[in-house]
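You will see two complexes here that share subunit A, one where it goes with subunit B and one where it goes with subunit C.
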Partner chain A sequence: MVAAPADMASPVPVTARAQRFVRWLPAAVAVLVVALYVVFKNTAVLPHDDDASLFHWVNDARDWVDENRNTSPFFLFFVNYVRLGVAELFTLFQTALTALGWPGLVGVAAGLGWLAGGWRIAAVSVAAFAGIGVLGLWDASVDTLALTLSAVLLSLVIGIPIGVLAGRSPSVRRIVSPVLDVMQIMPTFSYLSPVVLLFLIGPASATIATMIYAIPPAIRITALAIERVSPTVVEASESLGATRWQTMRKVRLPMALNTITLGVNQTIAAALSMVPLVALIAAPGLGVDLIRALARVNVGAALVPGIGIVLIAIVLDRITRSAAVSRVRSRIVSWSGFAVLVVAGVALTPVLAPEFPEQWEIQIVRPINDVVNWIEGNWYGFTGFLNDTVAYGLLNPLQDVLTTAPWWLITLAVLAFAWRISGLRAGLIAAGCLVAIAALSLWEHSMETLTIVVVAAVITILAGALLGIGAARSRWFAAVLRPVLDAAQTMPSFSYLLPAVALFGNGRFTAIIASFIYAVPVVARLVEDGLRAVPGTVLEAARSAGSTDRQLLWKVQLPMARSSLLLAANQGIVMTLAMVVIGALVGAGALGYDVVAGISQQEDYGKGLVAGVALVLLGIMLDRITQGASGRLNPEKKRIA
Partner chain B sequence: MGTAAIEVRGLWKIFGPKADRIIGSPDAELDSAALRAKTGCTAAVRDVSFEVRPGEVFVVMGLSGSGKSTLVRCLTRLIEPTGGDIAIGGEDVRGMSAAQLRELRRHRVSMVFQHFGLLPHRRVLDNVAYGLEIQGVAKAVRHEKARAILSLVGLEGHEDSYPDQLSGGMQQRVGLARALAVDPEVLLFDEPFSALDPLIRRDMQAEVVRLHREVGKTMVFITHDLSEALKLGERIAIMRNGSIVQVGTPEELVGAPADDYVADFVRDVPKSHVLSLRWISRQPDTDEPLDGPELPADTVIHDAIPAAMASARPIRVVADGELVGVVDRVDLLGAVRLGEAGGDPEHAALAGSTAEEA
Partner chain C sequence: MNKLRLVAGVLVLGLAAAGCGGAKVDDTSGAAPSSNASAGAGTAPAGTVKMAINGWVGYEASAAVVDYLLENKLNYKVEKVNLAEEPSWQGMESGSVDVVLENWGHDDLKKKYIEEKGVAVEAGSTGNKGVIGWYVPEWMVQKYPDITDYKNLNKYADLFKTSESDGKGQLLDGDPSFVTNDEALVKNLKLDYKVVYAGSEAALIKAAQQATQQQKPLLMYFYEPQWLFNQLKLVKINLPPYTDGCDADPKKVACDYPPYDLDKIVSKKFSETGGPAYELVKNFNWTNDAQNQVADDITNNGMTPEDAAKKWVEANPTVWQAWIPQ
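Here is the complex of A and B:
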């Protein structure tokens, strides 16, 4: 997709013959791969085997852990305490939030909203929480809120100090940064099984899984904020004889505070997007009904808790976001307003009863399902056609190729492809990941997942690039697109599954549509930003030389935005993978399904855990392929669900 | 000299790996580019020595990259020197422990920065009180002190503003107040006014002159602006590539530049405003009358013009009650004309020869 001239591959001057060679090399390699495929088709394939010895071995290990959970010192003195502590924290939040009752909780939310951003945010909080109550989601929402807050609290308590250390010390950063990189490309499903192994199922392990997912933005953004504190101010503080701790407490932390608050915002967003997934490991809350309804393709029943999560997300997002930009100056007014709202809410609790009144609830499941049924009935011609076209025209042929080609050929092809785009090192790592997947006895399922990811990523990247180019070239188009993309980006990731299920029912295509909706905004945004970053003077020079708009795009803007385009591709692919995996919940099968099955069925545990590892390897492979020659493209890259 | 406020001997600062091995080795003689090419190190300050007298305004001047900021930061070890000795008020700074160094910075030396370095999340009052706060001074006391200092720098009524609500000049007054609030013996200024526009810069320079008169602190003032240096400096050190090429009064620099670099620097200065009669006085001719008006030798040429206009006779230039020479209208006119023409090659030569005669 990147319009890089072929001769960019060779920075050193070479003879014309060598240049021609370099230009034709990729084509030659492609022809060679095709030829090898034709010759070796159906040899060295690795068909799926549910009884692979590795899976049994993992099962045995699980059994050993289960037997020794209460005797081994590692569990007795460490893991079990962690589990108890985290469970205690969750219970604490749960009890406190329940005790507040709905009027009290609405009051607290309104107070926090008022404190952070004035009456507007307070009103948004009240409206959203009232909406939750009216939808009949109050109790489940309290559980979800308690779990989210526990996980966010833990993430911040652990993440901010690590972030501060990483921001101050390059050697800590060198250790932390690659770990975070891997955590970010790791599909969420992959660590559910290990967490369950250590902490069993329940709120504790759900909190821990959520925390693992939510902690990277806390660390990363804190480190960035601390690193970026103006050195002059730090120097001024030191020149007055401040100790390191004084400078940290009075200069660095306060100056980094707004950015760190944005980190909190990101952490919360990440935690909320885990809600449906942790329901798989027996977390109470909104996710439970959502997952159950998804499994039964009951869009209405899934949408309602989905709306609940989105409402919670909106409240927490608005509060933290405005806390990050506001500079509260008149403290007295703010705090007294806060106190009034909280006290009013809490005082109303005994009056209005802590449970949300049932007579205020409304049922919207049926009307939604009526609409969905109508769509299914009337649009089937269109949706069915799309579904079948993609399935028979793209997915099946590609899956055929990937599963009938010898594994070594695919590995070599990936090596060559990654080498060409991102250099030899990246190519070797990507190929290494594939070899490891082969060794994990999950080759066929991995290729199935890869098939969906490739198709979804190609569609997503093409569409995102078109939207991005459109937005970069037309102010009008950008003005329309921006708010839509912004809104899309604040939604928890799974919420994209719902419209996809409504339109296309269960299946691989639904996962593709969901990842498309999920990743397109980010791709479009990155492409647009990259194109806009091309300096105006360069464009002016090109125009004054008589370039047409088209020439400008292909010969100036796209080549100059190469690294942004690669980054967009990278993000698009990694996000697509994340969504395709979650797509297992709506019947996309393959590795994601292995993980889900492993959690719910004892005898499939081994396969599930190994599938999680395979997902990580797949993620690393896809990331490396598109990483670009310059290594890590963007340290601030958006957290991937 | 034990009475110096600041005494610097053989100070080096080399940035880069294994910097301490370079001092004393033949590499130390290399020029910057060669040193960087050979060792990857940058010598920002090379073998600098000078003294600052108590109560003096000592200006360090040089082009961008000549090592001024590094030098001034080495004085309180905000940048750790690579070699050499520093004494402030007779105490060896390089030998200080971290705690002693903090004490030095808290009570005796404070600094004003080019980009102000104010804390954006604190009110002006709390910015000024910051130095006292980290010393552990009680809130009421430090606020009272900060208010007094704010009125000294002309910022009454802005105590509760935030830095971003003030203009650049006012922000730097806050920076100045913050440095003054701890009542230090020495104030260090690193190009404090170069981020300000010219009119405000002139105000602030006047402010520093006034403060110096009122509080009489020792000041080390970094600038790359010659007119600022001449206006403020009792003595000026000119830096080039990390070394000091000349230290002297404004008059010495303008009248007797040590080399072409310094001469180039001072070439556009109107000489008649800086040089004194001492620099142009000559032995009286045998038949010259010696009953003209008498002026001290350190009278600036420009200020001698009225006297010369008032009398047809040559001016008698005296120092310590003794006649050191005479100056007539022609001499004065020549000096003024040369000064204004500035920059012609003859002129540098003439300045050089005058210096030799003196």
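Here is the complex of A and C:
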């Protein structure tokens, strides 16, 4: 039962002939594409050229900025002030957090936890922060915390007003929403170069780069919260003679506050996921240890700061999450508890010394590395076999096709494919992105990146779907799987590169493995949720009609969960792209490598910046192709989530 | 209104923290205000030195020793900034880096940051002699004696094929940020090879070890000083000899890498206000062997950089005492 997309179905009554035509069309198009490929192979290919004039032009622009950084009014009166201001903010947080000392900071965290959610959250905060100290990560964690808090603060200060505006005015929303779409799709790697050009390296750029990534959820969720405030309440307030401002301040904002707090929660999560990346542009903190371990191929040393980031994430998440849930408790009890915990912590600082005591730290790097070395030494044949199978069996053939096919043919094929899945509009946007990539003189590298993404995404989506189906069908399996997926999801994506490098050496397959670990949890969860959402009555009906379990799955559950499955594919692909790009740090090459080289070699700057743009276009293209679920069937979804 | 209370709590704390933190921000360094960091010693440090740490262990060895001396003999606080080579120079402009302790040539950057912008100055040689080149494991030379001449490389390209090299021979390079002309060399010497980036020094070392143990063919970018040469033997490929200026245009290079006299670069500001710390950096000068010894301890003997530096400092007092400013 092939459901023809709305755009392709004719409005006149469908004759049997037309129906047959619609059914055979995709196959016919596929055959046509293959035939065209055979005929036009190796024509209209766009081989890579390091010397493209566009790259030189960007380099010249960079040189202009470098020369005029201290003379041009745009820099003197705007950019440099922004940089100084943001750097000051970071220093302020860093100074304050350092001055508290470790007992003080633990006390403050406990106090805020108590204020937000009672003794449980306070205990979690204390345990997690103590854990950070025990792992020997205290100083780096304070830097990371300072950077995260500055970026989150800026995101909220800028994001909440924009969100309020977008929530109140549909026309603002129409402008903001696609911009946010792009911000969330684009791989974080791609905007490091422009940020560094404007603000130089250092904590200021790092804070700004983090903010760019963290601001979309702040805006989106604020807009949603404001939009959802009950209109009757607003009407009541207005009829009582409240001004617009009063209504906003006394009615809308307080009523939206719970949801906005959830937005804060999401903003913090996004900010923390940038921690490893900004270490590349001289941000202090846990990311530095991660990157360093990556360069040393030291799995243990990378895992430990990864755990540190997870612990910080847990504390901030629990505090903001429980703050979003209303709870009745006496004001005096709350505040006095808060005060007691904070004062106790701060008072202990001079007693216990501000630095975390070294003798309390434990070493777990070595045991982890012992395990890794053992696997490396004993599984060598197996891992090499896997690597070669995927490289020779999947990656190389696909890459050959993509780089020898004419660019117009690939564009047409993508247009047809996206049209079929997500409609004409999405198809045109996707094809437009490809044309733009061709114009950026980065076609070949983009096709190489696309190859890795496609292979990784297929593996990830298949595995994720299997896990999701398994979890949806067996409670026992779901109970085992869930904590594993939870853990995999909270670890910073960078940590996954390391075990992958240790096992599979450097190359594209390593990037694939890392993106697999990164994206599988999300895919599996979406699939499981989609299948579970199929109403029990439907299943009952199908069963009583005599369906086997297998028929139930293929004929009822999966078709009914179509939109969740497409959403899972969409998320899987976007996440895979983000990770594959980072894989350039371990030899996965292509566009990601161009970006890395652009940051670190000045003659490659232009190419790196353009590669960042190409990555954004690639991301938009992949998103549009798989947007079917969120875009067409449920137009509300994208705007909200 | 639980959230309001939480927000208020955060604000109160923020203000209080700003109040007691603000007084300390006045030093010009702008970052890491931990002036009470060297607890135990009881005295405030003489200042903070921001030292760039580039991505190879030889650099880290030099940095560890200078760091140890600065902290323990001159009572400075050292902040290590992990960065690639070129961003480190940028850091001297933005103020996030004071010292680059092991610079490999980079004449273009010297021109830009020292001559044109005037934000950095040279601080003399480290005493280390740098070599960059292409290497193969020793067993390959025994088996294919003429492989060390670059003209014969095409003949052996098939040996070096991997899943990542597009049907050509693979030339394994390190971190994309390292000094390299390899892509231009492959092109201009008309070699049937593809440059594949391993991503880091550690990945290169691992490849060399595997190539030696398992007798796998390997052609790779590598350099001295490097502790690995004490552990296994690699043979350098003879590229067309270096002549002065043959590498002037990075796109047209068709000759070997120059011999490098590794040197130190410091920010202009640090050279003016760095005091004894700057003097120590300027005086720092040691041999490749010394560096390899410390690097070996860090990589293979499970020592932290601090411990390895301490061991070397205790064993070689006459060397470093000459660096300490009077």
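Following the convention adopted for this analysis, the second predicted complex is superposed on the first by the 540 of 641 C-alpha atoms of A that agree within 3 Å, B and C clash if a C-alpha of one lies under 4 Å from a C-alpha of the other, contacts with A are read in each partner's own complex, and residues count from 1 in each chain.
The rule is simple: a contact is a pair of C-beta atoms (placed from the backbone, for glycine too) under 8 Å apart; a residue touches a chain by one contact, two chains touch by 3 or more.
Every value quoted in this text rests on a predicted model; they were computed, and no experiment measured them.
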item: Subunit B versus subunit C as contact partner of A:S336, first or second or both or neither; value: neither
item: Subunit B versus subunit C, judged by how many residues of subunit A each one touches; value: C
item: First (subunit B), second (subunit C), both or neither touched by A:N373; value: neither
item: Which superposed partner A:T232 touches (first subunit B, second subunit C, both, neither); value: first
item: Which superposed partner A:A391 touches (first subunit B, second subunit C, both, neither); value: second
item: Subunit B versus subunit C as contact partner of A:G507, first or second or both or neither; value: second
item: Which superposed partner A:P254 touches (first subunit B, second subunit C, both, neither); value: both
item: Which of subunit B and subunit C A:A597 touches, first, second, both or neither; value: second
item: Subunit B versus subunit C as contact partner of A:T548, first or second or both or neither; value: neither
item: Residues of subunit A at both interfaces, subunit B in one complex, subunit C in the other; value: 254, 257, 327, 329
item: Residues of subunit A defined as touching subunit C within the complex; value: 50-51, 66, 87, 90-92, 94-100, 108, 111-112, 115-116, 139, 196, 200-203, 254, 257-258, 261, 279-282, 284, 288, 291-292, 294-298, 319, 323-327, 329, 331, 334-335, 338, 342, 353-355, 366, 387-388, 391-392, 395-396, 501, 505-509, 584-587, 589, 593, 596-597, 599-603
item: Residue numbers on subunit B that touch subunit A, as the complex places them; value: 73, 76, 78, 101-107, 110-111, 113-122, 130-131, 133-135, 162, 175, 178, 182, 188
item: Sites on subunit A touched by subunit B in the complex; value: 230, 232-233, 235-243, 246, 250-251, 254-255, 257, 327, 329
item: Contact footprint of subunit A on subunit C as seen in their complex; value: 1-6, 9-10, 13-14, 17-18, 20-22, 24-25, 30-34, 36-37, 39, 55, 57, 79, 81-87, 90-91, 93-97, 108-109, 112, 117, 163-164, 175-177, 183, 196-203, 206-207, 250-251, 302
